Structure formats: C-alpha cells, structure tokens
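First chain written, first letter: the chains are A, B, C and D, and each begins at residue 1.
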Amino acid sequence: MATLDDLLEDLVTANHVLAKLGIVDSFGHVSIRHPDRKDRFFLSCSRAPERVKRDDILEFNLECEPIDAKGKHLYTERPIHGAAYEARPDVMCVIHNHSPGVIPYGVTGHKLRPLMHMCATIGHEVPIWDQHRKFGDTDLLVRTMPQGRDLAKKLGKGGTYLMRGHGCVVVGPWMRRTVYTAIYLELNAKLQMQAEAMSRKVRFLTKGEVNKVTETTSPQNVNRAWENWCRMVERPFRE
Amino acid sequence: MATLDDLLEDLVTANHVLAKLGIVDSFGHVSIRHPDRKDRFFLSCSRAPERVKRDDILEFNLECEPIDAKGKHLYTERPIHGAAYEARPDVMCVIHNHSPGVIPYGVTGHKLRPLMHMCATIGHEVPIWDQHRKFGDTDLLVRTMPQGRDLAKKLGKGGTYLMRGHGCVVVGPWMRRTVYTAIYLELNAKLQMQAEAMSRKVRFLTKGEVNKVTETTSPQNVNRAWENWCRMVERPFRE
Amino acid sequence: MATLDDLLEDLVTANHVLAKLGIVDSFGHVSIRHPDRKDRFFLSCSRAPERVKRDDILEFNLECEPIDAKGKHLYTERPIHGAAYEARPDVMCVIHNHSPGVIPYGVTGHKLRPLMHMCATIGHEVPIWDQHRKFGDTDLLVRTMPQGRDLAKKLGKGGTYLMRGHGCVVVGPWMRRTVYTAIYLELNAKLQMQAEAMSRKVRFLTKGEVNKVTETTSPQNVNRAWENWCRMVERPFRE
Amino acid sequence: MATLDDLLEDLVTANHVLAKLGIVDSFGHVSIRHPDRKDRFFLSCSRAPERVKRDDILEFNLECEPIDAKGKHLYTERPIHGAAYEARPDVMCVIHNHSPGVIPYGVTGHKLRPLMHMCATIGHEVPIWDQHRKFGDTDLLVRTMPQGRDLAKKLGKGGTYLMRGHGCVVVGPWMRRTVYTAIYLELNAKLQMQAEAMSRKVRFLTKGEVNKVTETTSPQNVNRAWENWCRMVERPFRE
C-alpha cells in the first residue's frame, strides 16, 4: 500500500514526466488529493514542472489556501484544482496544461474525440469552456474560486475539458492514469488533425469501445508506461 | 552463423531501436521465431520496449503459452504474434506497434502505399483490419487466438497491415529487415500525408519498382542501418 | 538590483536559450540597450547564438559602430538593433530571428494574430515588412541604417513584426520578457496554422484579452520560465 | 590554406553534421573532389554518415572505381558522384540524401522554389529527375554510369535537383556551402508546404534576390554555421 510519502514522490515524478513528454512547458501543474483528508490537496509552489522537487510540494485546503506556504510563491491558478476536487469527490488528481495539440480545438470549437484505443480514457467527447462567456475580457487565468467553480461545472462526470485560448484540464481517479490520459489526449489531438485532413469520414471509437477500454485500463497496464517514464526522467520506480 | 544467443541479443537491440526511433512508445512489442523450432517464438515479458533486457525475453508456443513465465507479467496481445507465425511459415519476426503516422490511415480507410524506394518493403498496398467487424465493441486489444487468427488472415502474403483505431503489424523473413520495414512504414505514412496535401496526383512506386527494391534489400544494405542503430542505442553490433 | 554585469550574463543566457528552443539556428541575434547609456547597446560579435560567450559581447553606439571591436567579425545586420533603439526609447531588448513558424506568414501576407494567452504579448496583430518594396532586389539582409530605419517605422508602437522571406523582429521593455515573446510568437504561428486548417472560424484573443494578459505578464511570471530555461542550458539563475 | 588532410577531416565532419541535422539518416552520402586531381574524388566506404571515421574515406576515379578499396564494402550509388564531377568541372562537393521534406515534391512534380533568404542557394527552381522515364522499373538506385550521367544532365548549371521517389542531389563550389545548401533545401521544402497550405499566393524570392544572396553567401557567413555545427557534433573547428 502506498504511503503519503510514496504519493508525494510520485507527484514529483509526474511533474518531470509531463515536462519530458512535452505536455507542459514552463507552465502547467499537477496536483493530488490528500489520500486521508478529502478536503486537502497537494500542489507544487510556483515552479516549472521540470524543476519541481519534493520540498516544493505544499498542502492546500479546497479554498486553495496553503496550510503552510513556507514563504514560497504560489501558482495563480490554484482554483482549477480546488474547484475540481470540491465538485467531484471521485477525483484524486488534477492536471492543467497547455499541450500544443489541444489549443486548435479550443479556439475553433471543433470537437476532439477519441480515435485510438490508447486515447479512450479522454472520454467520448471533450467539452470546451470559454472563460469569456461569463467573465468577459480577462487575462484568461483562472484566478478566483467562482471562475474555478464555473469551469468545474463543464467537467460534468467526464475526465477532460478544453479551455478556449488557454489549454485543458484532465482529472482522474488515480494519479498515474491521469498522467497517462493527459499524454494520450495530446496524441489524439495531433492524430485527429491529420486524419481529418486526410478524409472527412473518420471512424472514431464507438461508445462501447470507449467504455471497454476505460474499464480495462488497469494499474498494471499503466505501470508499463509509468516504469518507462520513471527511467526517462531518472526517478525511482515503485510498483 | 548467428547462434540463438546472438539472435536474442539482437531482439533486445530491436526493442531499443524501435523505441529510440519513435516506432513504439511505452507500448508495442517485437518477437522472433525460434530458429530451430518452428513452433516456438521469443518475446519479452510485459515491459516497455526501451526497458527490455535479455532476462525479460521468454519463450512461447504458437498458442502463446509461456514455456516458463519466470513469474513475470505477460503482454496481453501475444496472439498477434502466435497467430502470425502459425499462418505464415515464412515469417521469422513480428512487430506490433502504434507508430503515430499509421493511425490516420487506419481510421479513415485511406490507402497507404509506398512512394519512396526505402519504403518499398511495406508492400504494394497496406490492408486494414477492423476488429469491430467481427468482434463488435471490444477494448481493441487482440486478446484471444480467434482474434489473432482473424487478423492473420488479413495479412495474406504481405508484410504489413493496419489495425483500425489501434496500430499496425509488420512481419518479415528476418528480424533486421522487419525492423527496417517498420521504421520506413512510419516514414512513408508521414510523407504520403504531405504529398497528398500538396497534390492529388501522387506518383507512387510501380509494382515493378516495389518488387525490384524488395529483391535488392539485402542483409548488407540493412546492416548499414543496423550498425548505425546499434550505436545509437549503445548496443554491440554483430555483422 | 541587477548590475550591468548581471545583465550581460543574462544576455549570454538569452542567446543559449533561444538556440535551445529552436528560435534561432546558427543565425539570428539578441541585443540589450545599455542600462545607463541610452545611446549604446550590447550585442555579440558574429557567432552562432548557441556558442556566444561573455567575452563575445561588444558595445555599440546607435549608428551600430563598435566602441571596441576587439578584432572580431561583426554581425552584418546590426542596423536592425540600432534603428529599433533609436526609434523607440522604451525598447530595452531587440531579438532578430528566423524561427520557422513565422516564415509562411511573411511570404503570404496572411495575418498572424494571438490565439492563446501565453502568446498575447506578440500584440493584436503582427505587421509585415517587405524590404523589396523600397529597396528592390537585395540579398534581404538589413545592411544599412536607412534600411534599419525603414523597418523600425513598421514597428510602430508594437512589439513584433515579420520580415517577408527573411524572419522577424521582437522588441520589448525588458530582456526576459522579450525572449518569452519570441518563444511564444513561434508557438502561436504553428498553432494558428493548425487551427486555420481545422476551421475558418478561429476565435482569436479579443483586444481586451490581449491588453489584460500583457498587463499581468510580470517578472515573477516570466521568471518561472526563465529559471527553467537557465537550467536547460546549464546557466546560473538570478532572480 | 587548407591541406588535403584538413579537407578530409572536414568531410568526416560533414557526414556527422548532415546526420545530426536530419538531412541523412542511415543512408545518403557526401563526397569532395580531390583538390589537386580533377579526376579523383573522396567518399566514405559503405557506412551510415553518422558513423563515418577518417579511415573510412576512400579515393575514387570519375568512373567510380576505388583506387584502393582496403577490402571495404562500397556505396552502390557512387555514379551519382562520379557523373556529377565529370559533367561539371566547377563542382567540388556532391551530397546525395533523402531528407524527408523533399520527397513530396519529387513524387508530385510540384515545383520547389526558394522563399527565404537562407534558402536562396538552392537556385531559382529545383528540377526533378525520374529514373523510370529512361530506365523503366528499377530499384531506383543509381547503380551505373549511364544512369549517373542521365541525371547529371538534369543538373544543368544548377546546384540542386530532386529524384522522384528517392531523394535529392546537391552540388556546390566548396564543401561547407554545399552542406549549408542541403540543410536549407530541407527547410525550404518544409516551409513551402506550410506557406502553400496557408495561401495560394506565396511570394517566392525574385530572381534578382536569389542571385544577390548567392553572391553574398561568403565563407565567413557559412563559417558562422560551420563552427556551430562542428561543436554540435564535437568535431574540431578550423576557420
């Protein structure tokens, strides 16, 4: 059974993996819910994911206030995380990123849908949230809990959504699978562009296929990738 | 003359090469038939190709049962390999991968055809297998021998085929050439997209050219690449 | 408070960062205005940005004459820098590069516009300067002060412009933000191509959004990236 | 003044640079004419460019026979080199490669033309040679002197041409500039695809501009890149 310490080490690894695979650049962040306290989550202080160390991880309540900031700068967009944990008790991990493939969908309204088995965990269709609709001209950052709560509504029961002119959010029931979904969301975005440029008749996964793949995406499956990613970023692998 | 030990070392190298060149990511696998026993093949235990070590290689019969599993997890999709060896006595190597360029062809039904001499060994045209046609909604993994045998039929006498919403399979008469074909299949897929975006009149290789190139693709040719790939992944090169 | 020495070390770092992220290849250059003498700027001698060392940085007047050339070869296109500093007293950093994404806009006249919050500092729309219009057939290099002054006019009050068949120029109020803008200009260029291939109805940032993001792009924000980039190129980070 | 030894060291470097920048993969080759004997040229034995060492360089006459093969395997396509030196006394370097960007032009007949100043040395327009026209179904390799001479005709007075379904040839008056042209030919190919996807009205370089840039592409210019490339591949730089 994973200890809290194990999970926090995994969170550092997740930061490095997402950077290594181009899902985050100097921006974007990943959090996990406290395994024993549903009203707390863990997130790095303000730092590029590739540089996050264990000591950077801070604890927050669901209002996104730090329990102990240790004098560090904080990410502005903490409400993305707090509001998602508040709205969805099943969610144990939240990733926010600007991976390049998803941006064109967000700004055109074109539907991103899974076309490959590895990508099925993104859900049947990825909804788009436009901060402008309710909040008008902003700097597009999710700075307040009302903004965070508005976008958490868009999440519904799904696992992913896009933010127009900004990026996306991926949530999930366990951290490694959520990292996996964020990585394959980006792949699906790129491949769908190519497929649709090739033909108007793209055969996406059926709903039945999406459900079947999601059911069979087990820790053992994901760990094959997780072990590989740990080695890539020179972090220890724990089964 | 290559010993069994040489071939198994080559198989480890092939895993690393396919990962290095982006043909496999954390998933995908490569096997070889036992050189002395037509009813056996060698394949890694469940592990990302980039991490495969000599000790991970296991022996299987054509029903895909391990001779000695050594307590290791196994790849679910072993039937891709077993059924291909069963159906095609000439095949000595099987590669299954999800290289990104091939996916758009599989989901649109658009024909992938060779347009460059290096890519001629993919065959005149690459057929597409859709698991849904016979097996309905599945998680798209080839989990059973009936599924494996169904797709092996699609292979016919060719060397490559696509799997809709999943990836592709490449088979060949010797391992290094099969690795070579998998690599240049991906290149052809990418270049064909670009050529067809440029003009509707793409001049593909003629059947005569495909045959001529396939005939002249000798071990000496392939070894120029193989030596290079061995150095890239820091594995010993054996001529 | 940053000393002159700090700023010159930052300038070396900027050269390496722009090379590492593919904004410059063997060509392109970055300069800063002298913090204490408005009529001077600092720029490397003629050397690929990735290779620039502290000792390569030379001081120039706004006519682009070196104060002490130290016997080194000079970049031909110094007038891009001198003329920009002359025309725009607020500009403290000038970057000239040929990053691949911007070239197609320059040769087609298609408007490059921000579609993502990270890219808002490129301005509402990026103007295009064509050296041919006034100077006829040239080698497209900005070799003279009259050429430099002609293109500085195109700059107006903005922060970026394209040069047809050549590249772009990015100017800014402080160096790290200017590097940031050059990097996200390239990203915007690539993403806009993809978005427009997907749909004719791309929702760009509104003017209000561009202004809001530009206002909130603070040193603290940019430093999250700057720290990351310093580590990437193995240069010391100074907050 | 460069000695023969200097030039042969440069030739090794050129092999590594072309591999590092993706202009050649495991295939492709580069030769130089003997500086003192117009009827001889230097080319590696059959080896992937990235692996070429000084000891691999062999001397050939213009019929492509080795002066001393040292028991090594030879490249099949030596006639590309011999025939180019035979047809064009001004040519001192020949590069043959399959860089991915040029392939779509060769198979569609779409004209590749310079649109950026760095790419002007590719010439006003790049002709296409189709081996099938005269030689019917072959394996597309240039195996004989008659084949080599047929394609050398296509070269005319230019510096580059494409080979349908195969790759391209770049020739030049000195080696470093020829390497430079091969690298920027690939860049132009990629950028032209993007520009033409964006708009039908691409403004290419004028003939006057192509001529001006070609005139001003001096050893000093090219050496800025050459120094950078030498460092990239960890080879000594000689001015």
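Throughout what follows, a residue touches a chain if its C-beta (ideal position, glycine included) is under 8 Å from a C-beta of that chain, and two chains touch if they have at least 3 such contacts.
Since the model is a prediction, treat every value here as computed from it, not as a measurement.
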{"item": "Copy pair subunit B, subunit D: interface residue numbering same or different (half cut)", "value": "different"}
{"item": "Whole-Å gap between the CA centroids of subunit B and subunit C", "value": "46"}
{"item": "Cα-centroid distance, subunit A relative to subunit C, in whole angstrom", "value": "32"}
{"item": "Subunit A: positions in contact with at least two other chains", "value": "197"}
{"item": "Contact graph of the chains (line, ring, star, complete, other)", "value": "ring"}
{"item": "Pairs of chains satisfying the touch condition", "value": "A-B, A-C, B-D, C-D"}
{"item": "Subunit A to subunit B touching residues, read off their complex", "value": "115-118, 120, 187, 190-191, 194-195, 197-199, 201-206, 208-209, 211-213, 215-216, 220, 224-225, 227-229, 231"}
{"item": "Contact set on subunit D toward subunit B in their complex", "value": "25-27, 46-48, 50-51, 73, 98, 100, 103-105, 107-110, 132, 136-141, 164-166, 193, 196-197"}
